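Take a look at these structures.
Two complexes, one shared chain (chain A), two partners (chain B, chain C).
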Partner chain A sequence: MDSTKKPLLSAAVLGGIILACALANILAPGNAARMDFDALLAPPSAVYIFGTDQLGRDLFKMIIHGGRVSIFIGLLASLIAALIAMVYGTAAGLAPKFIDDLLMRFTELIMSVPSILYVVTIQAVLGKPTALSLSVVIGATSWMSIAKIVRAEVRQIHSSEYILSARLMGAKFRYTLWRHLLPNFMPSIMFMLIYNVSQAIAAEATLSFLGLGMPPGSVTWGSLMSLSQDALLTNSWWVIIIPSLFLIITLVCMTNIGEYLRKLLAGGKR
Partner chain B sequence: MRLVQMLAKKILIFIIFLLALSVIVFWLARLAPGDPLTAYYGNAVERMSESQRAAAMARLSLDKPIAVQYLTWLRNALTGDFGISHQYKQNVFSVIGKLWTNTLLLGGLSYMLTFAFSILLGVFCAAKEGGIMDRLIYRVGTATSVIPSFFTALIAILIFGVNLKILPTSGAYSIGGGGFADRAAHLVLPILVMVLSHLWYYAYMIRNRVIEELRQDYVLLLQVKRISGVRILLRHCLRNALPMLITIMAVSVPHIIAGTYVIETVFGYPGIGTLTFESARYRDYNMLSALTLLTGIIVLLSNMTGQALSELLDPRMRHEDVVKEGSGG
Partner chain C sequence: MKIFKQALRLLMVPALIFTLAACAGNTQAQQSTGGSPTPDGAPAELTTLIYGSGDYSAINPALYEHGEINSLLFLGLTAHDKDNNVVPGLASEWTWDSEAMAYTFTLRDGLTFHDGAPLTSADVKFTFEAIMDEANGSENISNYEDIVSIDTPDGKTVVFTLSAPNAAMPDYLTMGILPKNLLEGKDIVEDDFNRNPVGAGPYKFVAWDMGQSITMEKFDEFCLGKPKIDRIIFKIVEDYNARALQLKSGELDLAQVTPKDAEEFKSKEDFDLYAMDTADYRGIMYNFGNAFWQENPGLPAAFSYAVDREAIVRSVLLGQGQTAYSPMQKSEYSNSNIEKYDYSPETAKIEIEALGWTMGADGYYQKDGKQLAFAISARPSDQVRVDMANICVQNLQDIGVNASVEINERTDWSGQQAFLVGWGSPFDPDDHTFKVFGTDKSANYSSYSNARVDELLTQARSRFDKAERLPLYEEFQAELAKDPAYTFIAYIDAMYVTRKGITGITADTVLGHHGVGIFWNVWEWSK
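After this line comes the complex of A and B, so read on.
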């Protein structure tokens, strides 16, 4: 297979989308939620290249402004997940067998409930969702598979002599983690992290679509998705397909890049 | 004798897991803002007299330490008493009781069909390694594994419901209807979406496993013995891959459940999933904790069953850390 081909197209498309979102204020200045009552549910045209929704809001503008929130949630959530996973995985990897077993059983236990259930439960407890609370909740419920890999890597590295010598010289847990372990397991979890970002973005989309994510007034990719239920009644395909396409293209590009990194790693290890 | 021992061990682990899960669920429910008494009994608390209130507090052991509270909660939960659902003003379990068969029907059928097709497709692709289908399955698999299933559902509704108008897109049966044909028609789209969004990923996993098997030395020997390729594939390779297949099927359960829950909501299908997200929206904590626990039990049970089955079929599985991916959801 063309396994080690660089995912240039994916990187370019993803870069383009991120750039467009970053430059949202320059490309489409003004309030993204501005309504144009003369153009309710207008199909794509020269004025509104992606059309408008039932409130007359410009879809193009909402997509690039909304992307910022969605990508922010994706990045922050996986950063949180990665931090938890590193500490948890390292702790399990370095701990005596008994504690290690216990910790790993615990991750299995958490994984026995689909994470979306935890997310909705915790979010229901926390109250009104914000970008920050959603990131924390998504991050706090998606660290388990990364932690497993970190643990496996740490176990492997741990038995090497240089860690032993570092510990003999009195290196503390935190020092060993940052100085020795992190640089070693970082490559192995890199693809997981990218996968995690895309999962978090998808989670925000699903939650907002279900009416459990960002509040209706906010502009994110997820809340754009939630417009589709109404759009079905009016058969306005652009409201359903165009925002989702942006989301899906972003996710597929990320997955391609992640897969490339994974294969690179697998190839390097052999 | 060994079998009994193994089963006893599995059951013991299951019970420990279940208790741990119940602690988490109890703790989550307690995190909910507001007075636990109100949370349990709903608005009825406001109409209670002082003595009724005290009796209710005592019944839930709210005047005792948190550990006792948990034990009381657990005892109630074991007898099917999770308190009152705010939204339905009924016992949580009687609400769930009316809906779980719908979910079992949708989820169960989707699960069976997904794996029937995944196995067919996976084996077909493995047999024709490098063919068009084989190269396609990887691409489609990676794409569909990231496409949120609600999007597939929306597209299906847009095509079959809104434009072609040939299939119902909402509910489990028409108003006044409810016959077999009617129910079946309502299941077509949700099941189609479920199968289409999960099929490829698992087919790809199965394909990889079968190809791995095809590279084994014994296949070469069988080929030398002039045994036909189809026979080798079906009689030998698939048989050897079976324990792994079962493991994949077991690990996929949380994935499929999460998918079913979301799909139910998109199609307005009255089931556990719709109920779950509705309860989250209305902050119905008793309902949510019961549903979380219920889902956890189903997943734990299927994991244990899958593990036990594959270990019975292939004792080597006991020592292998087999499937690394595919869980969560």
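After this line comes the complex of A and C, so read on.
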């Protein structure tokens, strides 16, 4: 097996999905949840390429509009998690042992509780969820594993000569982080970052499926999961399979790309 | 070779899991077909019917009118037969004295409650005085507002003296009778009785596992006949999808399902599907207490033209329903010569513009700088209502009204602008009409007030002769159509699925609100 084979297929497929979602308003303009009463539960056809659901909503339209929300939340949440993790991990890595221990134990404490619980609780406090608030909440509860790796990496290299010389020359925390540490621990966390995006998308899907995510009435991949579940007892395979297929393909592509990047960047180092 | 061995090892894991799951599945199936374990561990020789029910927090027919379980645990002076006619219940006969303006009911001999205590006229008097006591906040109080006094000359006789004749009274006296000695002097709303109800119905309360199930056993001394099925369990399954799944797995013997799930059972050999006609309708209720409607009268009529009822029946109800234009369409008092507001978006727009609204640049109507926008509230637990609300919103959006759906767990009756409401009664035309549309009546949640409607309903309930009542109810429906309280949407058929072998269900009975009423003759059912 050639482990450095480029994930061209994954990149192409993922790129296609993201492009379609980004261009949702051009490809399928109008209200995503628009019902067509003359085409109830219509199988895929020329007019509705993925068919319609029980209330005549265009599945293709819902998938690409829903994808916008889900992918946006996934990316933003991951970004927030990455930022928190990098700062926290570096701080722990550079700190004296006692504080480092404290910070890491704290991290483990938070990790011990399933993150869904946090999300639900915080969201309940925040009130009506929006894409932004969900991103913040998911991001704020998924930085822990990345932080641990960052801290380990930082710990390892912070006693190297170039770091020492930088600090001797008066480099502040932010400069050290940005100029020296980040380029060095980035390869290690690359896979985790991309994996985090897919986790965040899955988290949003889970929440919306359970009715705890985006407000009822909004179209996201999670709400489409709900729709699929409702349709389980009908014979409409397109409602049951197609939405989950998109979610799975997106997550698999992301994982493939992350895996490739990890091998690529790690190859140079180890 | 190495890979092959690894693959084999990997395959062992799922294979193991599947075998274990299959075994577990089998034992589960065996357990459920054999009859669920009883609270007292009695042998499973008893016939048991498990019904998939909604949840209850308190059981008391006097206070809460919504409740299928009331018909099993309680019995009233009168009852209904399969055609919804009034027939004797606890009372064997009654007479009306028009001079004294009084109904005299004679109870049967030897009546007892489930706990063995005798049921006498004192219990009847107690029950209705409790309902009429405003402090108890009963939903049903308006049904009985004509009662001036209740006298009990002896243990078997009850005399209701009315302030005006009331033709619907025998219907309203199907109200379950409560035991006086268990509730006298207690706070009826809070008392533990509501979690341990005692009545005189065909089944007596045994146990209540909150949120899980309510178990009842047959009451051999039931005055209308000894029940055949030994035990009935109301298993709390609020989710309609779950009910369909549990029917299939055998955990439920009977349940009401959505039209979508009912499709599934049509072809199945082991089940009987009853698509029952109901008087249960849905509509958009406008909260006239909200400033928006007070400042902009006349809009409900305009909006009624905008709703595509046919599409709703086709999509949400899968054809299992009828378009609605009146609250008593299924009754013999129905008036079809009224404004039905047949679907016509153009007419809706004309009507809106006639009220002074003009189309704004954003695609919505506006007047005096205010946009024509309102929200229809719906509870998330009833997907049918949510879907109907969404379709109404789409219809209204298409003509330039910025309508939206607001999903709330709790209904804010005084603050909301509109609500996806449901009502309906297959009984006397006064039922679910007077108390719903009458000014300030106990079930009038929309603050609707129309003087002519009040006049007509009050007159109609005080006549006995159908020939006299018919024109009054016909005019009532015409008046209601001119000044709509609701935008009527559709009547919903109740889809009941039952395991084959359960007999006694009368397929032609017209059911009531929420499809309630199927248990009217439960003591005659057998499994």
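Here are some notes:
Here is the rule we use: the second predicted complex is superposed on the first by the 266 of 270 C-alpha atoms of A that agree within 3 Å, B and C clash if a C-alpha of one lies under 4 Å from a C-alpha of the other, contacts with A are read in each partner's own complex, and residues count from 1 in each chain.
The rule is short, and it goes like this: a contact is a pair of C-beta atoms (placed from the backbone, for glycine too) under 8 Å apart; a residue touches a chain by one contact, two chains touch by 3 or more.
Keep in mind the model is a prediction, meaning the values are calculated, not measured.
On the superposed chain A, the two partners chain B and chain C do not both fit; they clash.
Shared-chain residue A:L40: touches chain C; no touch with chain B. By the touch criterion defined above, A:G127 lies against chain B but remains apart from chain C after alignment on the C-alpha atoms of chain A. Look at A:P216: by the touch rule set out above, it reaches chain C but stays clear of chain B.
Contact with chain B, but none with chain C, is seen for A:E259 once the two complexes are overlaid on the shared chain.
Applying the stated contact rule after C-alpha superposition, one finds that A:D230 touches chain C and leaves chain B untouched. Applying the stated contact rule after C-alpha superposition, one finds that A:G56 touches chain C and leaves chain B untouched. Between chain B and chain C, B contacts the larger number of chain A residues.
By the touch criterion defined above, A:I240 lies against chain B but remains apart from chain C after alignment on the C-alpha atoms of chain A. In the superposition on chain A, no contact is made by A:N196 with either chain B or chain C. Within the superposed three-chain model, A:A205 lies in touch with chain B and out of touch with chain C [touch as defined at top]. The interface of chain A with chain B overlaps its interface with chain C at residues 211. Partner chain B is touched in their complex by these residues of chain A: 1, 105-106, 108-118, 120-125, 127, 142, 144-145, 148, 198-199, 202, 205-206, 209-212, 225, 228, 232, 235, 237, 240-241, 244, 247-248, 251-252, 254-256, 259.
Interface of chain C with chain A (complex): residues 241, 244, 260-261, 263-264, 308, 311, 314-316, 380, 386-387, 390-391, 394, 397, 405, 407.
Partner chain A is touched in their complex by these residues of chain B: 17, 20-21, 24, 28, 31-33, 135, 138, 142-143, 145-148, 150-151, 154-155, 157-158, 161-163, 254-255, 257-258, 261-262, 265, 276-277, 279-281, 283, 285, 288-289, 291-292, 295-296, 299-300, 303, 324-325, 327-329. Listing the residues of chain A that touch chain C in their complex gives 31, 33-35, 37, 40, 54-56, 211, 215-217, 229-230, 233-234.
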